[in-house]
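Alright, structures below, take your time with them.
What follows is a pair of complexes built around subunit A, which joins subunit B in one and subunit C in the other.
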Partner chain A sequence: MSSAGTSNKPAPGHVSASGQLQQRRGLGDLIAKKPEMVTLGLLIAICIAVAIANPAFLQPSTLIDIGRASVVTGLFALGVFVILAAGGIDVSFTAIAALTMYSITLLAINHAPNMPIYVVFLIAVAGGIALGVLNGFLVYTLRVPSLIVTIGTQYLFRGGLLAFVGTTWIMELPGQMGTFGRISLLEFETANGATVSLPVYFLILPAAAILTWWIMRRTLMGRAIFSLGGSPDVTARLGYNVKIVHLFVFGYAGALAGLAGIVHVTANRLANPFDLVGTEIAVIAAVVLGGARITGGTGSVIGTMLGVLLVVVVDNVLVMVGIPSTWQRVFVGAFILLAAAFFVTRQRKFKPAK
Partner chain B sequence: MTQNTQKNRCFLELRNIHKRFGGVHALRGVDLSLEAGEVYHLLGENGCGKSTVIKIMAGAHPPSEGQIVLDGEVFNELTPIQSLDFGIETVYQDLSLIPNLSVMENVALGEQLVEGHGRLLRRIDRARMQKTATKALSQVGLDVTPELMSTIVSELPLATRQLVAIARAIACEARLVIMDEPTTSLTRREVENLIDVVSRLRSQNVAVLFVTHKLEECYRIGGHAIVFRDGQCVAQGPIESYSRADLAELMTGRQISEKRYREGSPSEDTLMSLSNFSMPGRFNDVGFDLRKGEVLGITGLSDSGRNELALAIAGIRPAASGTISINDKNIRIATASDSIDAGIAYVPEDRLSEGLFLSKSIYQNEVALILRKLAGFMGILDMKKGKEIAREISADMRLNTADIELPVSSLSGGNQQRVLIGRWLSINPEILVLHGPTVGVDVGSKDAIYQTIQKMAEDGMGLIIVSDDLPELLQNCDRILVMNAGEVVSDLNGASASEDDIYQAMLGSVQEGAA
Partner chain C sequence: MRFFDGHLTVLIGLIITLMTAGAIVSDGNYLSLFNLQSMAGQVPEIGLLAIGVLLAMCVGNGGIELSGIALANLSGVVAATIAVSFFSASQDPEIFSLIFIVVALATGFLGGLLNGLLIAYLKITAILCTLGTQMLFIGLAVAISDGRSVRVGAPGPLYEIGNGLLFEIPISFLLFIGVACIIGFVLRYTPFGMWLMLNGSNPKAAEYAGFPKNKVIISTYTVSGILSSLAGIIIAARTINVKWDYGTSYLLVAILIAVMAGVKPEGGYGRVICVVLSAITLQMMSSMLNFMGLSNFIRDFAWGALLLGFLGIGRFRLLDLINLQKHAISASVRSPHAQK
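Up next, the complex of A and B:
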């Protein structure tokens, strides 16, 4: 505490002071600047622990399992990250995914069974954008906290799906959607002779991550999103169109949710209208574990991806060391508290003296 | 560097601008014209409409009535991006930096935003951003290093942030630079640097509009004075043609500004004695005596430790070491209630968030501290007695309403402040610590608050005023302690000191430290 106090002590105008300030902090400074390092450390620690307990963990198929299991959560998480960076929060994305995936599956079965797979994806993305933009529009015009708005729209979207679209499972997917889930990118033979394959749809996640990284780091929109999360009033005052930023972040998250929905259907070869909704907290947890503050204005794509991996690894590999699946939540919960406590104490030290 | 050989012409004109916020008429028909290459000083008391007029020029608020003319083009209102497009750059009083972005981004991103007329789906040209930021930052006198460029603004000391805000305003090809109190946390040398920046802007035919309370600086820089009072422009002309007294009178509309409220003198008895009071990194080895009936001022720059000292005396953020005694009895202050029990009342700086229950009535606010006294059988409150007390307090504090059931939010800033002070008087404290007692308060209320302060001192209370409003301290205090970098560096006599003396002490050793 005292070191933060003295380095904040004014040597006004002498910014070389801030240079010293960085040198003096070393590791703590690195963690404060790159909170995702904590996530990475935690991830590596878990992997080592599991590998020691059960060497079967160390084979390519584990990696493939984790990769496959990360796609849907990862796409959701990228959307949540973008909204968190802008100072908002979204809990409706799972409902957007459920509504679009189920409606499009029905549409394909009943009206356009021969629709090419890329059209299916385009419609899903368009549907996701439409629903997301509605969120953004409501948040901006009603000036209501986005948590409240998206709780409302989550009920609305999901209620609409179950009331008007359908409640039955669709086991027989239209041909193109069924096959897409099975096209594989890589195939491995495991020690016990079974084949595991990394499906092509896995590529959607890194592609979306790179696109998100590019938008957030390299475009004015990305900077405007962080600005909005840092200080909404100032952002408007500096000439940024705050309305467009709202529509963009929620629309973008909607698009990713639409994508995630279709991936979910093709991967499971099943369209279940009751799926997905209820997983939002795990996704938000992954993003926060990746170093994004719930209060907005921070975070990174790398961190978000690490957070997702952490949650997926805990979900998938604890079984391998004999920890029952009921304990997974205890672990995720403990990690969240640990990370939160860690980040908050760092922030407190960094808060400038007023 | 576009050398405009043409004679100075009007760049910006305001015609009959009115602005209302709900029931408040903040601007009442302002006419103003600013010419290229000229320097203007916008003067006026707090709440006279200075900030509002700036925000209208910057496009942050639309006017309720009237027109804005830019280069002959007439607008009913401006958006921020239009205003920036015309080259109007503003250094806001709150600096308006984006706390979570880097220095480079804060300084130079605006250029690319304005060029695209606000379009956001564009790639950032990082090389150009770096070039623009480097140039602007070195112009304001900062040592441009890669670390500085990538530092997140919220990690910078206040003075550096102020320079960054100024750098942002001059980073683009500005035509009018508005600076709202740009020198509050700058050292002398940085102020000199700023004055150089201004003359450079002027030679590039850029208009500069200063908003400031520091008259010495206005006279040094020279140019035109524009004086606002109650939302109107009451005078405009070359600054040399006005004396300080003229300006003060124009700003207040009466000749009260130089009047000294303090007439009495303290008794000989020491009421409170502080010694070796320290909190590492905030204030160090502070000691002073407060006598009965004394009004003691404490001032310093915002990071001098004065605020922390006040909070420590009030027990809100207790000091790490040191002793405090009241009436020769040593006491320990670890929490706010320790300090209340010891007879110390503290009226916070930010009355809205720290002091008042805005949606509750005047009555409920005024009796908030004496609820225990009002509680009778099984804790049931004696409302009738409470209301009686509240009525008395309201009358003592000369509130402008007799209706104690009104919510506090319906009162003006000055009256709210009086409710807050009145609440503390209900527990008859021996010592009253007032933190920025007249921040955001109108002239009339100021007068009433100062009279109350003096009356309390006459009744034998010891008062401490922590404030950066220098005239306020000079008008009210017996002694003024000036803090700098956590230490009391000067103990001035309130009757004989001048604003300049205080400034010297506030800035003096910072200067030494920086050199």
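Up next, the complex of A and C:
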């Protein structure tokens, strides 16, 4: 970074120009090394802009709404982040969530209405892992881009759910599944007397984020995942078992998807088999906006969480600043493209020489 | 390249099997002129999108086209909104149809060009780019139409494109075959086609050989966009209304058709004639499931299973068992990249 300043001793007239250059280098380095700072900056900028346009945004109830809305997206995004880091992509996680959550609700109603909630979660995670591992196995064995494989499994899982499991909404959730979503962590009253509460299930997201951070940064598996995303050939030559890594990433994403499915059911107190599928793009966008490159090998948990917040805030906020909801997709789409272009050009321009 | 490779043989075999099986299941109704015409009328829209996917996959660079159906619907919505607000479909149907077609094609051109520019110059990965433009196109279509369906009506020439018959063959099907022939010819006999395929099979070599790489990528996605808008025109002509969420399952089906046709997802190989046959095969299977009275959800399930099955066939070269001679020929042609 300082090489630009020292190598060519600037004449007095050029001081401002080279100083500017140095500053831009610094910014470029920062973006290349910590892309999540850009996400954070964007998030803060949007929040300030919205708060000026509509002060109602700064109420605690809005923040709690955003926190609540980011749980399911956040769990999905952590799974997608792990897969993206390993150089793959997954679009079937919403179908995994829909299939596990609906099947388990049916199972609970028909066979074990008094099942404790932690058993429900365990079964959901196990189901998610099974479906995810199937994904990983197929991606590894078929050796085709994981996008195509997971498009196939998405249809397989969702078609299987709607064709063989059921298509009706379940409004009456059994036992603890019905009450879990209502337990609140903190509660307070707003100015107009309505009670706002942050539900207990919100805690699942930070817990999952910390677990993901630990796996990615503190274990050998995390190293293997980033390495696989960087270069599959080198990873195999280093002695990592590439097959196990594949099974792990997709299985882990499946587990998070199963978890997200149950959270979705208990939060909405409704099991609708048509839900969730169709939100994949927003989740992938969130992870990419958090600085993970879609070609693999990069990304961070913090960035992913910031990306999720960004997408959730943009989703919730457009209406508040007076942009009609019909234009929402245009903005999100343009946002994805702009952010992607920004990250790509920045990373290329300021990449240190190899 | 031999004309009858493994995929072509299998697809022809599948079509013959399906015809026989369909005739048996339906007491011959499956092969009635009416059913054949109705099947042929449904192939073009999805077939055109699949050719778009073929082009994007062949050009390499991790190429894929996910915005096809969104762009098709956007073309229809834009064209319908403009045409309806300036002309009356009942008073001057010719001008109305002409304007509709021109505006739709222009929209497809611009959409495809946008994809191409983003991928070639900004170096955004094709998956990410087309996911983003998919959302952008859907969003624009929703915003323009306010989320409702736009009525096109049935002005003479446009209606003919969607529903008319020429020598008992649907005009849309003839149009589709014509377009497929042109694309097939371009891919096989022009320098552009060669650049496209070689760029897909080994991008680095293509760059050192001095191919106009960016121009090839941009033209490929632009052509793909125009094909999407053609599909949009046929959809509008067939269904009389256009809506932003028409055919959401086409995203998968177009990729399924391309994979079934043996197009290599990593680039460099794909045959248009196989895509045409594979689109026809898929339509026949779909009609067959209808004849057997199965739900759409079972069809989705079957499509997913079929996609994975064909990926497996491609991976383990099961079709080469049918054509043993092909081994010797393809071994020398195959690029090192494709061997992994």
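Basically, the second predicted complex is superposed on the first by the 325 of 354 C-alpha atoms of A that agree within 3 Å, B and C clash if a C-alpha of one lies under 4 Å from a C-alpha of the other, contacts with A are read in each partner's own complex, and residues count from 1 in each chain.
Simple rule for what comes next: a contact is a pair of C-beta atoms (placed from the backbone, for glycine too) under 8 Å apart; a residue touches a chain by one contact, two chains touch by 3 or more.
In this text, all values refer to a predicted model and were calculated from it rather than measured experimentally.
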Practice prompt. In the overlay, answer first, second, both or neither for which of subunit B and subunit C A:Leu220 touches.
Written response: first
Practice prompt. Report for A:Val80: first if it touches subunit B alone, second if subunit C alone, otherwise both or neither.
Written response: neither
Item to complete: Return first, second, both or neither, reflecting whether A:Trp327 touches subunit B, subunit C, both chains, or no partner chain.
Response: second
Worksheet item: Thinking of the overlay built on chain A, is A:Arg237 touched by subunit B (first), by subunit C (second), by both, or by neither?
Response: first
Discussion item. By the touch definition at the top of the document, which applies to A:Ala163: first (subunit B), second (subunit C), both, or neither?
Written reply: second
Practice prompt. Check whether A:Leu138 is in contact with subunit B, with subunit C, with both or with neither, and answer first, second, both or neither.
Written response: second
Practice prompt. Report for A:Val125: first if it touches subunit B alone, second if subunit C alone, otherwise both or neither.
Written response: neither
Worksheet item: For subunit A, which residues lie in the overlap of the subunit B contacts and the subunit C contacts?
Response: none
Discussion item. Taking the touch rule as given, give the residues of subunit A at its contact with subunit B in the complex, in rising order.
Written reply: 2, 4-6, 8-19, 21-22, 218-221, 223-224, 226-227, 229-231, 234-241, 244-245, 248, 297-298, 350-354
Response to the item:
Given the complex, residues on subunit C that touch subunit A span 62, 64, 118, 122-125, 127-129, 131-140, 142-143, 146-147, 249, 251-252, 255-256, 259, 265-266, 295, 297-305, 307-308, 311-312, 314-315, 340
Fill in: Interface residues, subunit B side, partner subunit A - complex
58-60, 79-81, 83-84, 92, 96-101, 105, 109-110, 112-114, 116, 118-124, 141-143, 145, 147-148, 151, 154-160, 163, 185-187, 189-190, 280-282, 301-303, 307, 485-486, 510, 513-514
Item to complete: Spell out the residues on subunit A that touch subunit C in their complex, using ranges where they run on.
Response: 89, 138, 141-145, 147-149, 151-160, 162-164, 167, 281, 284-285, 288, 294-295, 324, 326-334, 336-337, 340-341, 344-345, 348
